[in-house]
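There are two complexes below, and they share chain A, which is joined by chain B in the first and by chain C in the second.
Right, the complex of A and B next:
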């Protein structure tokens, strides 16, 4: 097992950001702003955020804003809460939230809450607990949680709880580690983790660790680096992360590095991408890997950024 | 990107990729132009369909289709409006585009949602949707999008839950390793149970069958997790009480409390604690009556002992005061606490308390003069040398005695016969499994079944032989499955504490008395010493409400969640444990009587990740607002701004003695701030403060 190739990963991210002409980058166009958030947060955790031209990024982010107040995945794309959170997170990284018209953005997000407390992702009405998390996290970062009915939002999330203590995207839907992160994150931010059966969910989550040390997202599925983030952050928020073997997981993530060209993949020897590079590095940060900035498990931003927003 | 092998691109790959990229990019810009100019012609829709085929995840492209759909329906001619075939052809075209997209990527959120959106407009055939589902659910039996869509169609087309249940049975019979099917089964059965549908009520009929069904799965391949959680769910369905109950309380019924008078504040108060078997809300002066011989207290405030802003907790407390004018009298008061409106107290899922309750005790003022706080305070040392064994007949065990005097008689096992029979038969089955296969799920399940069975038969007592067997199973699991060592270790600790607290006799073995009378005069002469038991978590709190002095040192605790209910606690030793952050001390905030605390030799400040960050009161979780006093305290010193956590913990404590040495967070600056935060502190790390 090698060490973390931090320099190479930083280089890789800066390179991907510039690449625009291959199929992958074109197919990523619709979530470019998510990609920017993954890349920039990774750079910050690696302590390399200065390598980025902050002004350019901030003005590009603002160019993705739609007249409704929400953000699109790229310039000219339709707005959606998923992209709106990424925009806010990027601005938070640079301590630039004040460039936003906060009331306008909050109004956009608040307008997507439904009567039963759930959230639609955009005006077209797809409902998913992912959007509950995204809306709650965004509004919290803007200090505007009072714009929605938090109690109803929490009740809706609880109605998506399953036999295994986990959560699905709508009531009755199967538990999935990514969805669990969203629900636990939303409950954490709203001080509602007492609704969670921590021992039951903790057992389900810790059983995501497979023999190779990696984590899967559902029972009897293959391990994948991205679950390092979703499972780990959930386990940390409910204080059960000691139930897995951290050393084996560190090894699994490091085994997924491309030590030559930088970047991290879903499994050893697969093709790397920014998404898995972010989740790998963020996962290592949650595992207290030396030399990395600490990341907050609920807001998915570096701890110093989150503390700057809430504890100052 | 998932499951794509890593290889470096050849020049041929690269030029092919660039060519394809240019093509998609051109489609993208044509599409966006049409979208922004609201052009919904046939040609424009074709460009969009091509783009979606190349990238089914492009949300804006699906939105455009919805706009076009609405536009084309509303702008049709009068003749077309009467023509249902025309509407149908528009819908069919949308469903065709979705199907193509799903064939390309059956995990596309955008495609599945578009289908739901179109189908919700009506005019769709149930058969066609089920056919599509069968195709995708055969291809990938775990595709959760398809399962979600199936639940959606079942709801939309009113397909019966029994029919859907049969579908899960068929899927499982096909291949039991299908967690998605087991999950859906639990959802459907929960609905059928809730609605008390015939054949599913009473529970025991279907439970027996389900146990057998899932047993087949687990026994076929014990390492396959598909049935594990379903079995645990069945067990929970079998044993869980349907309603919350009052599990224990303080003071004990019939006890005589002798309340010391606080000379400084010139008052005498004592806590009343209500401990429920699960978190409840609604405890207030409207639901609980407090009555003395002379008075009914109308404005008693009950506080939840928990960190959340919703007012719910396992334990609730009120601090009752003796009326001012009565402080000098030697009167004895009868106090009766009873549920006034017990159905106003509810679980988190709004289920009311199962039954009314009440208890009574007497209170008198203790007139023995005590030194006022702040005078001649010696340091209390909690090393082994300062303890001696306790005489179980001595009056020093009065607290313990009263706590156990009545509770045991009150608790009758309430379970019905069928429950214990089901569990006994499961126990036999799993013993059988373990006789031919050494598997972790077998051992774990057997341990859970034994605990459940024993609780059913004996109530809170814990049969020694069963306790031993369960502890043995936990130890074996630690060896068998090292990556989850700590999970079993935590189970072990819970069981061990259950055993220790199961009776007065067993607790007495852990009770010691201070050799010297405690000069601090802040605690009882008896200490419960649960030290050096290698405990990794605490539990059985409801059996420990009487404890004033507690030694948990030399364990492996990284959490003290639960201690907040021990409202009598004045003296607490947590040294030599694994507490990893200041926020791990959050439960101590609720302990208003705590005067002596030892948290030396822990791991506070040694970790970059704080697992208590969202389980404590903090502006991050919106459970408390940011305390403006902290800014005053920091007084512009940027370095002090990092001390928000110790500020929020120690700022609420009233300690006389504190030991905190041996933690990474402790340095000179920290000690300086600590002394500022704790004005009553006399002893810090063994040294007297001046």
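Right, the complex of A and C next:
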């Protein structure tokens, strides 16, 4: 196991940004703004955000805004809450939330809350606890949580809790580490973690650690670097992170690095991508790996960025 | 790839035309895949109908019997089509995508313009007839180009959305059902496409209450999810869709599904999602039987549901003993055992809970003997058996928990010490429990 190849990962991220006309990148243009958030947050955690032309990024982000107030994944794409959160997070990284028409963006998000407290992802009505998290996180970052019925939103999330202590995307859906992160994150932001059986959920989350030290997202699945983030951040929020073997997990993540060209993959020896590079670096940050900025487990932004928003 | 033609208007637009023509001329195409150029020659020689999904890995030679159509054109290096399967060259993807995206965006823009114009002119005479015919043409274009685009980029949300917009203006059940076909086609090359699955739910929501054969549609949906789960293991999106369908199912269908797919589950014991689906179905039987006590038939019905749960418990035990060390099986047992205690044994009174727990302790003991030549699977089996009992103790009501804890004594610690002494959370939970209870 080597150390974290921080310089190389930063270089890799910057290179991916430059190759946006490659076919792989073109086929993913509908979620480019998510990719930008993953890449930029990684750079910030690595202390390399200055390498980016801030003005250009901010004006590109604003070009993705739709007349409804929501953001699309790229310019000209339909708006969705998933992309709206990424837009807000990117602006937060650059301390530029004030370029937004905050009332307009919050109206868009608030308009997607349903009678039962759940959130639709866009006007077409698909419901998912991920959208609850995204809506709550976005509005909290904009200081506009009062625009929605928080009590009902929390009640809906609780209704997605399973007997195994985990959460799924809708009531009765299978527990999944990604959905658990969303539900616990939303409950943490709204101060509602007392609804969670922390021992039971912590138990399920710890059972995700497999022999190699990596974490999987569901029973019987292979370990994957992205779950380092989802499982770990959830364990931290419910105060049970001391229950897993952190050392082995650090080793697993470091084993997934491409030490030559930079980037992190889902498992050792697989191809790297920006998504897993972000989750790997963010996971290491949660594990207090030296030389990395601390990241907030609920807002998925560097702690100094979150403090700038809430302690101002 | 045409590097010199970044917007791809010239040659690629003819690529797009050909793709759309192929789709149009064979509406029964039910599978799409991408083929590396080097595979084209082999495909042209080949007789039989290979599965496109396996094509990229190996070229399968099937029997010659059903050979009907021939390749689009023997020298065609962009598309391949036979027996309602369509192959697209990986080299054509980029120019095709550019052309499809451009064609989609411009036709949708024009469509929107015309719709807005229509809205403004309601009630006025004028050239409504010519407007209507150009609207129909544009709708057709939008549907054609968005489909082509989605066959290249499965989660292009804007293209799915525009289809929803066009179809919902028509309010014609058949058009809604056509959307299921397009989604199936996309899922044939991208079984995890979130947008393709969500499009199906949108269709079901739109037609529920408006069509007479919803139950049949739900059945087809369930079968499709199963077919896809067969090829794409542990596919969360497919199983999630299936779980979502349950709330629309009448009770008879819930029970049918449980019985009909038991054998399949028995053959896929590592598929946690498949067992979760059973969890979802079984939970529905509880809601329908015990909590609706005003039902006249509830007595008979309760007995039937009770029997179903009993069968599930003994089936689960058989699987656990047959397939050593399978996490999904043990997690499933946690669920059925806990529900059995709470909803059946406890209500029956007497010593039902006690004797059930005794049986489970017996199961635990029978699964904790690790043979001398230490097989990994047996170690896992012992660990799962021990954590199963721990889990039950923690979830039972306090009195039952204390009693069970006393019965099991030091056995749990002994097993855990042997097979997983490093699992900090288990020890913490164990001592916590002791501390709470003593």
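Structural remarks
The working rule: the second predicted complex is superposed on the first by the 312 of 312 C-alpha atoms of A that agree within 3 Å, B and C clash if a C-alpha of one lies under 4 Å from a C-alpha of the other, contacts with A are read in each partner's own complex, and residues count from 1 in each chain.
Basically, contacts are C-beta pairs under 8 Å (C-beta built on N, C-alpha and C of every residue); 3 or more make two chains touch, one makes a residue touch a chain.
Nothing here was measured: the structure is a model prediction, and the numbers come from that model.
Bringing the complexes onto one copy of chain A puts chain B in a clash with chain C.
Shared-chain residue A:164: touches chain B and chain C both.
Shared-chain residue A:189: touches chain B; no touch with chain C.
Contacts of A:174 after superposition: both chain B and chain C are touched.
Once chain A of one complex is fitted onto chain A of the other, the partner contacts of A:312 are limited to chain B, with no touch recorded for chain C.
By the document's definition of touching, neither partner reaches A:104: not chain B, not chain C. Contacts of A:275 after superposition on the shared chain: chain B is touched, whereas chain C is not. In the superposed model, A:19 lies in contact with neither chain B nor chain C.
Stretch 329-337 is the one among 41-49, 59-67, 77-85 or 329-337 where chain C clashes with chain B after the superposition on chain A. In the superposition on chain A, chain A positions 21, 23, 26-27, 30-31, 72-73, 76-78, 80, 122, 124-126, 163-164, 168-170, 172-176, 200, 202-203, 206-207, 218-221, 242-245 are in contact with chain B in one complex as well as with chain C in the other.
Within the complex formed with chain C, the chain A residues making contact are 21, 23, 26-27, 30-31, 72-73, 76-78, 80, 122, 124-126, 163-164, 168-170, 172-176, 199-200, 202-203, 206-207, 218-221, 240, 242-245.
Chain B meets chain A in the complex at residues 1-8, 14, 17-18, 20-22, 24-25, 28, 32, 36, 54-55, 57-60, 62-63, 66, 109, 113, 116-117, 142, 144, 147-148, 151, 177, 179-180, 183-184, 186-187, 190, 224-226, 228-230, 232-233, 279, 306-310, 312-313, 348, 482-487, 490, 558-559, 561, 607-609, 611-615, 618-623, 626, 641, 644. Listing the residues of chain C that touch chain A in their complex gives 1, 6, 93-94, 97-98, 105, 152-153, 155-158, 161, 164, 198, 201-202, 205, 234, 236, 239-240, 243-244, 246-247, 270-273, 276, 279-280, 283, 326-328, 331, 334-335, 338-339, 387, 391, 394-395, 422-425, 428-429, 432.
On the side of chain A, the complex with chain B involves touching residues 21-27, 29-31, 72-73, 76-78, 80, 122, 124-126, 128, 140, 145, 151, 162-164, 168-170, 172-176, 188-195, 200, 202-204, 206-207, 209, 213, 218-221, 224, 236-239, 241-245, 248, 258, 261, 265-267, 269-273, 275-276, 285-286, 288, 294, 296-299, 303, 306-307, 310-312.
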